[in-house]
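Supplied in structure tokens, the structure appears directly below.
Each chain carries a letter (A, B and C) given by its place in the written order, and its residues are counted from 1.
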């Protein structure tokens, strides 16, 4: 395909991502062990044929945990990013399009959210509402939209001056029609790029929360393995640190490359 | 200075392809001005973009030779091209507005263009030079316009700002794609004079792309008439006007005279009889469908035939 | 008496632009303009680049609000008309426009087919396959099938302009506002489009408001011409009067700049130009706005603004030379 020839980042990221997604989906086949069950082994066990990535102090299988961790990471990040994008559009689009008082109001709110340290706020919110997967997803989206909303608004501001928007007005198209059919498709490219970046942020945030013990206790998350690694590493359990970090890095990297690649191909002039 | 030999450009679209430029060759010497005139959609802008390697990725260029100032453009990589584009060759694009950034002020965009040429320029000098440039293109209140944004300019002002940016770099070659379409007649003639002066002063070479024959007669040394991707006639400005041979060239001249005299209605009857005379034929001469005195020979494609020295025509009627 | 379509009174548009943190300026884009446009008329506006032509049409289309003055469409106030959804829709259906820049007036993410179907969708009208194809054929984009699938950036400048014209004519409007409709077209196609416009006008009694700097073109289509300079109309009258009997010095200068299509005269003759600096729209010259460039200037000109004088039936000039008092 021509698209891949044009963007090397896109090619690499798609290959990496498909491997990761494949591993996540087939976790149940690749291992017969449950991710969070203790007692598969006695104490910290180094990687072996039985435990490809070793176990932790409580005998939990790191391999299965890491594979199931893919599901958590991708689930949390895609859903929360999707929500983030929807909220950003619903706020940024009217703000940029109508301007005036509405814009000022919406942008004040946005600025307020941008001015406070995001991760600390997320931690507080998770403590208050409780660490379930749904809550984490909602909280991540609730605090992540301002950056993308700003991007949407800025794009809308420049696009609404284009004559094709005025042409649609002259044809008699209504505001909703213009916002969603004429402007939105032209706003999407930079938004999708930002969304890919947001996704890698969300992966890191979820891992960070779990690391701090604020993840959903019933799901396998890379962050929690790392929290265990903090102690295990002193008694030589390097595998608890290495494998999950490797996966986090690979996923975040491939999502970032995806952002890069999207940027490459979204030049409107390159559409056939 | 510039030599283009056998240039072909195809746009490969998903379901079919567009042959935008077919076997186009031309040359120009330093300080010369050549004009590409022709039908709308005949491939003039595509030729310009191909020389600058600015075509979209799905366009396929092939040519025997494209040489600019001793450099082989066909083999040039992106790095060399961006060097050539910023300094040696500048383009006045047909759609200046899309090349102006809507959220950056006019001033900053001109400063950037000046900086690309001379990175050591001080802010003050840039300001002075930018104002000087805007004055050259007859923009009122240049100081104010520097602080405005592209969407706040009128169509003609945006076009002139773009012209100012293009000439700011003191290029060796200026490709001007329909540079005066948004300008009123008095300003149009001032811009043409400005280009002519640059030519005399700095020995600037110009490729003028236009559909307006009357503009070419003032500036151009040689005219290439294009029709449907091909060059159909090539001659000096006088030669084209005093002795047009290709039927399309003739049609251009009669149409512009009819418009000049306000007799479009009478032209219409004439054109109706010309239009699609041979609509059945698919092969052969490109102009065959609209040509009123064609014969059997025309079903083969004519080559560019040399005709008494300078003139070349793609028509069997010679 | 023919029906009045648009009536414009004392129309002004001042744009406020920020020039730094504390500096602001008012751009007097349109300053006190009056005119009437009657049914079936081709009303043409010519004038210097930046003189406010586009701004006038944007106000007629309700895209910009006038700073001062009144616009009436068929005797009704335009802003009131547009605030009511039903009458607004009616107005939109009957008044169409072709914008000045054919490159930015087509959405880059839509195909020509989408673009031409949009007007029908907006007004809930039936679209037939042939409709869009016929529209393209009319503006000379042949074969239409090939063009329907393309995106706007896959068209040449002139092809885009013709798509814009096709879109404006799609709904068979009563009034069409055309801002430089043929600037990107070569003469043969120019003539074709002009013929199309003339035909439609004769057939359906269309009203046109045409902005163009190609004066020769207007000879064939214009009924009335008004000449703008620095935000004001300096001369207005029937087309033949303007071409054969121009009065205002700026109109004279403009007509003299028409390059003849004959190179023997053009090459030898230097291009005629109007000398002098263009007028500032922020601080326009006092008195008559044209006086700094006017070859006939006398003592009154830089002091008093000339009034509009009717020197012949419906031929108005704003110039002290023609003020008999």
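To be clear about the criterion, contacts are C-beta pairs under 8 Å (C-beta built on N, C-alpha and C of every residue); 3 or more make two chains touch, one makes a residue touch a chain.
Everything numeric in this text was worked out from a predicted model, so none of it was measured.
Asker: Of the other chains, whose C-alpha centre is the longest way from the centre of subunit B?
Answerer: A
Asker: Between chain pairs B-C and A-B, which one is joined by a greater number of C-beta pairs in contact?
Answerer: By the number of C-beta pairs in contact, the winner is B-C.
Asker: Could you put a whole-Å number on the gap between the CA centroids of subunit A and subunit C?
Answerer: For subunit A versus subunit C, the centre distance works out to 51 Å.
Asker: Could you tell me the distance, in whole angstrom, between the mean C-alpha positions of subunit B and subunit C?
Answerer: Result: the chain centres lie 26 Å from each other.
Asker: Approximately how many whole Å separate the CA-defined centres of subunit A and subunit B?
Answerer: The computed centroid separation for subunit A versus subunit B comes out at 48 Å.
Asker: Please output the residue numbers of subunit A that touch at least 2 other chains, ranges allowed.
Answerer: 269
Asker: Could you check subunit B for residues that touch two or more other chains and list them?
Answerer: Subunit B, residues with two or more chain partners: 13, 56.
Asker: Where in subunit C do residues touch two or more other chains at once?
Answerer: In subunit C, residues 100-101, 104, 153 touch at least two other chains, as defined above.
Asker: Name, in rising order, each residue of subunit C that touches subunit B in their complex.
Answerer: Touch list, subunit C to subunit B: 15, 17-20, 25, 46-50, 54, 100-101, 103-104, 146, 149-150, 153-159, 161-162, 179-180, 183-192, 194-195, 198, 213-217, 219-221, 243, 253-254, 257-264, 266-267, 271-274, 277-282.
Asker: If we count contacts the way the header does, which residues on subunit C are in touch with subunit A in the complex?
Answerer: 58, 61, 63, 88-89, 92-93, 95-97, 99-101, 104-109, 118-119, 122-123, 151, 153, 164, 167
Asker: Enumerate the contact residues on subunit B facing subunit C in the complex.
Answerer: 11, 13, 15-16, 18, 37-41, 44-46, 56, 94-95, 97-98, 138-141, 144, 147-148, 152, 154-157, 160, 178, 181-190, 192-193, 211-215, 217-218, 237-238, 241-242, 251-253, 255-265, 267-268, 271
Asker: How about subunit A: which of its residues touch subunit B in the complex?
Answerer: Subunit A residues touching subunit B: 2, 6, 154, 157-158, 161, 269-270, 272.
Asker: Quick check: in the complex, which residue numbers of subunit A touch subunit C?
Answerer: On the subunit A side, the touching residues are 162-164, 166-173, 177, 182, 185-186, 268-269, 271.
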